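The first chain written gets the first letter, and so on, giving A, B, C and D; residue counts start at 1 in each chain.
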Amino acid sequence: MKNLRIGMIGAGSMGREHIRRINTELRFATVTKFYDAFPLEPEAYYGALLAESEDALIQDAEIDAIMICSPDATHKDLVCKCLNAQKPVFCEKPLALTAKACMEIMQMENALGKKLVQVGFMRRYDPGYQKMRELLALENYLNNILLIHSKHRGGMGGKVPTSKPIGGPGNTNKLSFIDQTKLGVTNGPIHDVDICRYLIGDDQDRYASARITFPRSSKYASSSANPCFITLKTEKGIVVTIESFGSFHTSYDIQCEVVCEDGIINLPSYPQPRIRRDMMDGHEIPTNWFLRFNDAYDREIQHWIDSVHSGELDGPCALDAYYACCATDAIIRSIDSGMEETIFYDDIPPLYT
Amino acid sequence: MKNLRIGMIGAGSMGREHIRRINTELRFATVTKFYDAFPLEPEAYYGALLAESEDALIQDAEIDAIMICSPDATHKDLVCKCLNAQKPVFCEKPLALTAKACMEIMQMENALGKKLVQVGFMRRYDPGYQKMRELLALENYLNNILLIHSKHRGGMGGKVPTSKPIGGPGNTNKLSFIDQTKLGVTNGPIHDVDICRYLIGDDQDRYASARITFPRSSKYASSSANPCFITLKTEKGIVVTIESFGSFHTSYDIQCEVVCEDGIINLPSYPQPRIRRDMMDGHEIPTNWFLRFNDAYDREIQHWIDSVHSGELDGPCALDAYYACCATDAIIRSIDSGMEETIFYDDIPPLYT
Amino acid sequence: MKNLRIGMIGAGSMGREHIRRINTELRFATVTKFYDAFPLEPEAYYGALLAESEDALIQDAEIDAIMICSPDATHKDLVCKCLNAQKPVFCEKPLALTAKACMEIMQMENALGKKLVQVGFMRRYDPGYQKMRELLALENYLNNILLIHSKHRGGMGGKVPTSKPIGGPGNTNKLSFIDQTKLGVTNGPIHDVDICRYLIGDDQDRYASARITFPRSSKYASSSANPCFITLKTEKGIVVTIESFGSFHTSYDIQCEVVCEDGIINLPSYPQPRIRRDMMDGHEIPTNWFLRFNDAYDREIQHWIDSVHSGELDGPCALDAYYACCATDAIIRSIDSGMEETIFYDDIPPLYT
Amino acid sequence: MKNLRIGMIGAGSMGREHIRRINTELRFATVTKFYDAFPLEPEAYYGALLAESEDALIQDAEIDAIMICSPDATHKDLVCKCLNAQKPVFCEKPLALTAKACMEIMQMENALGKKLVQVGFMRRYDPGYQKMRELLALENYLNNILLIHSKHRGGMGGKVPTSKPIGGPGNTNKLSFIDQTKLGVTNGPIHDVDICRYLIGDDQDRYASARITFPRSSKYASSSANPCFITLKTEKGIVVTIESFGSFHTSYDIQCEVVCEDGIINLPSYPQPRIRRDMMDGHEIPTNWFLRFNDAYDREIQHWIDSVHSGELDGPCALDAYYACCATDAIIRSIDSGMEETIFYDDIPPLYT
């Protein structure tokens, strides 16, 4: 099998980490070219070469597929260009900033008659979440889900891209605190919104309403509200809560608890040796998402590569992004209204039904 | 020291358990008499004798102090009778069903010029909660509290008194589903309301607003909504969430997580031997509150006995009950409105300031 | 019930802790007098008064029962004096330094026609060990015990009395390193020897052989070998291992794992709030036995007091001490021989059969 | 890079699992041919074709490297044949049944002037053990190792190949109970012997003595002693204990605890969602080594493939196997003598120094 030739758009810390992953760990693919507006020295890219522009990369006949790791607000237009070029594209979350934009992407795919987009909801590739979903689906075991509590405590880097302004380090076009906070919703909590839908695993049950509230601010908050607390309710009445910190200096701590009629199930801790020392009994916890979800990223990207080879994209898709953005749209409205907001859905294009 | 002679009002499962505790485990006190409208055979009361009536018991010159374990709705009037008789009284929670009723009790104590009431918030005597409070109070350790998540999953007994009708087993005067649900708020979640205030430990920070929502119903729900999910916010912005099941068939599972700027602290699990067997690694969890909080009850009642002997009541008092009921009042209003409700406070009588 | 009047012999850190416990926490008893060769100021003894001598205390008509917390090597003679005075006696472990000496005590009790001795094997009163024994005894659950691993990692005090010379702080009569090490066996590992027999719970199965080996020395070792590792085998073939540190600066860490045909059971951890902070997820562990076994000591001493009142001593007795010393005798012989040593038993006096 | 063409000798459950792994999961290699005396239908081998004989496979010019998963007793001769053919060889543990045989292999490699052998000590590729080794090596953290406790509780399959007779399912040439038990030492505990040396990580400290004892037999024991308990001591005095079950019906449970001067470190549990249900709080544990060490196997075999490509074999080698067999030789002698046995070492060939 010939290696897939990937073009990477956006080669900041996330993009470079994926280039490293693909070019040194995974199989059947190579990132041969990349584009970044502020490139580092050539040695930083594991053999990938700098392209002239995003457009040149997307049009390049020697590039088979595109990965997008650029700032959130650029994702949608870049994905549309890939669809115009009829190239498979892996786009880091969020696929777009609104449900409407996700719908436009779905409609383009529908017009093309095939799915070309995978979205970076990598938690679906974490063995812990996968095992939870499997156990939740067992008949006569835990039975109906009643509540889910998802905790996203976002790591030690003050540089978490929650509120990264568009345009790279040279940019001085700062967003307001409230706009940064809204942008943060589609960056952090969108993971929780998606993974809880994945755990529920019920096509007949969608999020129906959403409400956000803001606790007192952590001293580690900077340009946006930190933390926030979100309550969602599904059409069948499952209550989903999301506690989300854009930055949390203790660790990168991801928790998930699903409360069912006949039991409770929790995401496993990050496995580390237990240490008893200096009057404490405990274990290390990871400080960032690269450590915590390293295996999930490996499995996610390998699965995408393999499915591009096979011609059958079956990872998280534009519809998953659309459902997530319907919820984040309502959460963002709730920032302004202070109220519980209803979640609305349009008709789903036939390709997705 | 002469043993304190206690009169027990209400000797159902809870009252009898306290009689057993005092007459066989604790020191410096004996339950010598009790009143219950539906008494069992005399052997069931560990030597305590049946009184003629509640009033006779309260007036009895050979009774030094009163304990109240009767149905929730009867508490307030009985406490007032004890205050009229100027006898120390230990009242199981809730002290009363409304903040207004708690205020009347405080005003009676204020008129008497001394506190005579202890309220059965036994979680304050659980070593786990006490250690949490101690660690939360350390300077430069965990720092500001941002959120607290309290889980009350209420045990296997379908007979949990959440919705117990007034008047004992013969009663046919059933409350409506909505009234049962409201009554449940002052029975179960009131524990969480109080213990979170205890953990916050800040006299300058009170609950400011409350909202309740109801997930889909558990199949184990019967005469009231089960579970419920409550969100409170304090004046300084701490968000407190309460997940509460009146009945939960898996176990009696109490969890508490406090999220601070510089760390997270959780209530310890109930300590039981770890067992690896039959492809599982785990430990037993208790099925009811008698097991889970047995030590806390012992320490609570002994502390009350000792403080009655010393003349200095310093356990959870009517003011604590008042603060808790200000919150439950708002929660109950939120059942009707479906909205976030503001919490109101009246002036505190001088005895309490 | 009249309070039991207890005379305490040996009021060092352990003795004073027991006086505090009895005079401020427990019921139905008071330590009214004590003897110690090097007493502190009177305020240190919670109201107990200094007696003239050990003998005066034992003979005192106003003393109903004796507790012995003096150095290990003095225990046996003091117990014999109590038996001559026909007074109930609680003796901290070890009852004596050899099986032969324990046998003499049993023979004295046999001649008196009743048991008067309880031995301070307080682990039998720890709820964790009790629950393990209960679960191990269930039919068709864990089934035959095959191995037990007991870990005694002895706390941060370099002043652990493992090798305390006889005669108090003024004493200059130092024991040799090897004699200190032998004395240590009857101080620390004897707990493990006893509690494993308690867990096995089989009168038809006694320890058959013992062997000790010494790993490289911890830098915290001082006047005796630290740590040691002991392997015992019972008559039915259960292998019991004991890892024992006289001093271990990390914590006071007690572990016990019982490996059965159909499962494995472990002593629960000391329950403390779980803390996630500074890249660690863990909980505090205790630094000494007062913390770790505080509840067990309370329950042990209360049980002794209650059983003296009832006239039926049924706590750990001289026979338990004898069985433990038969094993420690062999362990001590193994220090000299470097070999596995057989454990011998004499006939048990009729009082104990 | 051209895929490595691997020939598999012995395609029972372990061999087929490795073929599946290489041909469907890993990169840069394919098992193109295999030999097994009792082959299943062709579909069972993921595209690998049956060779005529072991020798034909080893000599095959279209085979670049050999993997050996045949019965233990055949390993040594097959490895020597590979060395004669100058082909890289991955041999499942044990490399040979005795230290002497391992030495012959080292001498052959020495004569060839290069290492061609990797041995299947896959635990070295488990992230838990790797992290332990890393933490143990930190300066001023845990400091000197004093004891290591390794537990190997060997899974639910009564068909664990601990004592598999040579020659496949048709073989009737049964070994005696004692010979099976000896053969078991080089199959199960050899893992613990090696991984503890890996954790110690000190080239200047080798095992000095060994002793084995047998607890009462589990009802799940069949053709060999089950369990056994081994005590090793290193030249610097570290005591290593190994509890090993050939078959253990509760689970496949691997534990490792390293006790140091300044702390204790334990192998992490197998990460699984925590479940609270039916009065238990726990998580699943794996039933066999394929589940428990799946990732370790993946990483081990991929590392071998990559190092064959690079021409630099640096995985566990014949010297590691030799050191392990020096210990197992002594353990086997101890079965006969019932005594502690000294461990002997010959001169190491220059290639390994």
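In the analysis below, a contact is a pair of C-beta atoms (placed from the backbone, for glycine too) under 8 Å apart; a residue touches a chain by one contact, two chains touch by 3 or more.
What you see is a predicted model; the values in this text were computed from it and never measured.
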Which of B-D and A-D has more C-beta contact pairs: A-D
Most widely separated chain from chain C, with each centre as the mean of CA atoms: A
Computed distance of Cα centres, chain D from chain B, in Å: 58
Interchain centroid distance [CA atoms averaged], chain A/chain D, Å: 40
Chain D, residues touching no fewer than two other chains: 250, 253, 262-264, 269, 275-278, 283
Touch-based graph of the chains, sorted into line, ring, star, complete or other: complete
Chain B residues touching chain A - in the complex, by the definition given at the top: 143-144, 146-147, 149, 153, 213-220, 227, 229, 231, 233, 236-239, 241, 243, 249-250, 253, 259, 261-264
Contact set on chain B toward chain D in their complex: 250-251, 253, 269, 275-285, 287
Touching residues (chain side chain A, partner chain D) in the complex: 26-28, 127-128, 131-132, 135, 141-142, 262-278, 283
